[in-house]
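Below are two complexes that have chain A in common, paired first with chain B and then with chain C.
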Partner chain A sequence: MQTIRLYGKSMAMLIRSQLQYPASFLMQTLAQLVMEGGEMLAVILLVQRFDHLNQWTAGNLYFFFGLMAVSFYITECFGRGITGAFPSMVRTGQLDTLLLRPRGVLTQVLCSAVDPRRITCIAVGIVSLVLGSRLSAIRWSFPKILLLLESIFCSFWLILGLFMIEAVLCIYSVKSVELANTLTYGGRSACQYPVDTYPRTLRILFTVVAPFALVMHIPASHILDKPLFAWPAWTAFVTPLAGFVLFGVMYLLFTSAMQHYRSAGN
Partner chain B sequence: MNAYYAVFRLRRRLETQYRGAVIGGLICQVFFGLILIALYRALYAGKPQMLPFSHVATYVWLQQAFFRMLLASDAELMDKVRTGGIAYDLCRPMNLYGFYYARILAQKLTGCLLRAAPMLLFAALLPEGWGISLPVSLPALLWALAAWVLGLFCVSALENITMAFTMRTLDPRGMQAMMNLLMMILAGNVLPLTLFPDSWQPVLTALPHAQLLDAPIRIYTGEYALSQAGLILLRQAGWTAALICTGMLFWRRNQRRLVIQGG
Partner chain C sequence: MSYIHVEGLCKHFDIRLKREKGSLIRGKKRVQALQDVSFDVEQGELVGYIGPNGAGKSTTVKILSGILTPDEGTVTVGGRVPWKERKAHVRRIGVVFGQRMQLWWDVPIADSFELLKEIWHIPDNAYHKRLAELAEALRLEDLLRTPLRQLSLGQRMRAELCGSLLHSPELLFLDEPTIGLDAVTKLALRDFLLWENREHHTTILLTTHDMEDIAALCSRVMVLGRGQKLYDGQLSELLSRYDTQRILTVRYDRMPVLPELPAPVSAVAENETLRLTCRTADLDMDTLLPLLQQAGTIRELIVQPQNIDHLIAAMYQEMGL
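Up next, the complex of A and B:
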């Protein structure tokens, strides 16, 4: 409980410090908006030219895109400590200071950074979700809303877990390992479209290794009433939990990697 | 001229130092290329287009191979402006515009060549419908190469203008992010320009961003006929000259009103 209070406090502090330069902050937030808007434009243009992707209509595709945008940028916003700052913390030896304090390392890393500029990206995602839902004429019901929220919540942990791969690797190798980002950024680019778009190998990769399909596409396809697999409806509620499983595995790896942490000195 | 060449050589050597990063970036780029092609294949299967699919695949691979050409990567100038280190550059007995132009050119050229060769080899080995296809003819390849060299000069001029813009504020990150994005979209990296709506094509292909990679790729695939190639190169050269002049003007004006920070 106290940890959550601490987290809230550091978030407030960080956001206030970022707002110290309002012009720069505004400009960067705007840049994020244009960036994500550009991504969405690409989807719109593709849909215009091709009408549909397999059995998915334009509205369905906007829904998938929105789900990915919202989940990914919530993670980039609140998980900034892992997604952005961690490699440099290891390289500069800044991580040492965290070891002295009476809180878990991961908690402190997550408390150390937030990226409120992503708010505009999340907004684009929400617009896309609403647009997709309208165009697909989704009949919303309470379980469906719950399923959507569960999917976004589990996606947060999944994406955070995937970003932790780089964190774990860079504890061993000191320098940042961009290669690990193939799964995160590559996964984002690939899985903003439903997984059945891709050939077998990529499908397996995004179902088993980086389970975007389990966490996002299966629930989303149920919400759209076009299930990806002919599985009973309740499975859509279970598969997103894969996000927690992946995060749990990465958490264990992270703690064991921290045992081997040798300071880079400063 | 010798001084600028020395800057160019120095920067080129620096760029070849981080081989690990190059390999990592390469694998990343290949992965992205495969994902994009898989996506376009699925879309094509649903609704075939006038444009043959092999052109799209070739477009994607050439864009991925020369991706580094588009990416703005010289963050040093920003730091120099913020810390006042720019004062040292002002003391150099050479034109600042030329100094930075040579640096950018070297960085882009080396970054590209290191990555493009292994990547294109890989793309050539992929099965039909996934990999890159051969140029439409030998003369087309030669014209495309010439167009690519012009594109390289053009993108360096373009980036130098962005840098001149960013010099005016102490925190240009927002501005830079926007310029980068504009580059990625209008140069055809996010989505091949050939897949943009047909009615947009006249405007898109006339913009300077289309001169960098889009023009050489279209010559390579035969989208632009050989008889047009001369005109395309002329358009590229025109943009390059215009952008260099604008850039020089900007830099000269910046130098007059530059405030040296720190002490």
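Up next, the complex of A and C:
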């Protein structure tokens, strides 16, 4: 509870400090809109040319794209400490300052940065979700709304966990950012389309290693009433929990990496 | 047992070397940062920790504050092992790195302090009392609403110090706190540290290259070189060992006729001024003074010991650092 209070206060302060430079904030926010708008345009052009991909209609594809955009940018917005700021905290020794305070390191890292410019990307994602829902004529029910929220929530932890790979690597001062990017940004680009459009190896990658399929595609396919697998409906509520599992594993690795940091230091 | 107890402390770092031509693996070099360092500090002491760059000062501070784990040795601070109980340990200590800021750049410092209050779980009334006290002692009252980025270096240092002391630590580590500060700010900062030590019985461990800081603040000084403790005791005693030279400056009313001086004294004349250097043991004013008077009419005579930085340099040199 105290952690949530601290997080709230930190966010309020960080946002206030970003608003110290309103012009820069506004321009960067608009730049984000152009960027994410371009991504969506790619999907629009695709469905205009082919009008469906396997069994997925244009509306379905908008829905998948929106789900990914909302989840990914919520993570980049609120998990900025891990997704962006962490490597430089290690390099500059700012991490030491965090170790000198009586709070968990990961908590403090997450409290140390926020990226509210992503709000436009999240907005594009929401527009795409609404559009997809209209075009696919989804019949919304309470369980479906719950499933969508669960999927987004679990995706946050999944994506945060994937970004933690880079964080862990940079504690060991290994510069293999590109490797980590394959799963994070690569995963985002690939998995804004449903997983069954890909060959077997990629399907395995996005189910077992970076389980976007379990966390996003299975619940989304149930919401669209086109289940990916012929599994009972309740399984769609279970598979997203894979996001927590991945985050849990990464959390343990992060903790042991911090032990290494404290015995090696800088 | 002493408040800080350090025994047989060892710490090494592996430094990765540049890959040699034709070799696939990068070599490693082992650097011994601390070798068998032991000392004790009692509560309320003000201890200076000096040594040339790379001597292991910061490594010691990092181990004592729980950021690093040593290879060998026992360390307890107030009965706790710093790196084993990090959260409980850091609750009672404050650390100020002269070159690393913990406050937030773009917000008023009062807002930064509010967030620190949250991080450290400081109760409301304790916080307000402590903030008022520190703001007065550090003359920060008028700056509380100013964003950190608009403050001068000296003001920023004072704000940092205030932030690090809000939770009333019983032990304070200062790593080069006066680096880059002007004379007035330096003096004010020293006064403040003495005040904090006296009022709250705060134990202070100070690392610095500024010998004036040590002279003004610390009765006890520890010298570290190449990872080993070389001296631990009174500053005055340390200085007296190396205080072997005297500099005499004699100003005449006109160009002096250079006198014949006894051998161990060397002299340099510069217009009306004569500068003499000699070992303290060879200084014999009784013979020297008449000779100097023969050279002309003396307007001013100054006898000085060597500058404190020279003494420390001489000491480092003798210790082979």
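Following the convention adopted for this analysis, the second predicted complex is superposed on the first by the 257 of 266 C-alpha atoms of A that agree within 3 Å, B and C clash if a C-alpha of one lies under 4 Å from a C-alpha of the other, contacts with A are read in each partner's own complex, and residues count from 1 in each chain.
Please note the rule applied: a residue touches a chain if its C-beta (ideal position, glycine included) is under 8 Å from a C-beta of that chain, and two chains touch if they have at least 3 such contacts.
Not measured: the values here are computed from a predicted model.
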First, second, both or neither for A:R101, with chain B first and chain C second: second
Which superposed partner A:S24 touches (first chain B, second chain C, both, neither): first
Touched partner set for A:R139, first chain B, second chain C, both or neither: neither
Touched partner set for A:H52, first chain B, second chain C, both or neither: first
Touching partner for A:R200 - first (chain B), second (chain C), both, neither: neither
More chain A residues in contact [chain B versus chain C]: B
Partner chain(s) touched by A:M13 [first = chain B, second = chain C, both, neither]: second
Contacts of A:G38 with chain B and chain C, given as first, second, both or neither: first
Overlapping contact positions on chain A, where the chain C interface meets the chain B interface: none
Chain B contact footprint on chain A (complex, rising order): 21, 24, 26-32, 34-35, 38-39, 41-42, 45-46, 48-54, 177-179, 181-182, 185-186, 189-190, 193, 197-199, 202
Complex contacts: residues of chain B adjacent to chain A: 21, 24-25, 27-28, 31-32, 34-36, 38-39, 42-44, 46-47, 49, 171, 173-175, 177-178, 181, 184-185, 190-191, 195-197
For the chain A and chain C complex, residues of the former touching the latter: 2, 5-6, 9-10, 13-14, 16-18, 20, 93-94, 96-97, 99-103, 108, 259, 262-265
In the complex with chain A, residue positions of chain C that touch it: 13-14, 59, 62, 65-69, 83, 86-88, 90-91, 93, 95, 97, 100, 102, 104-107, 111-112, 114-115, 118-121, 147
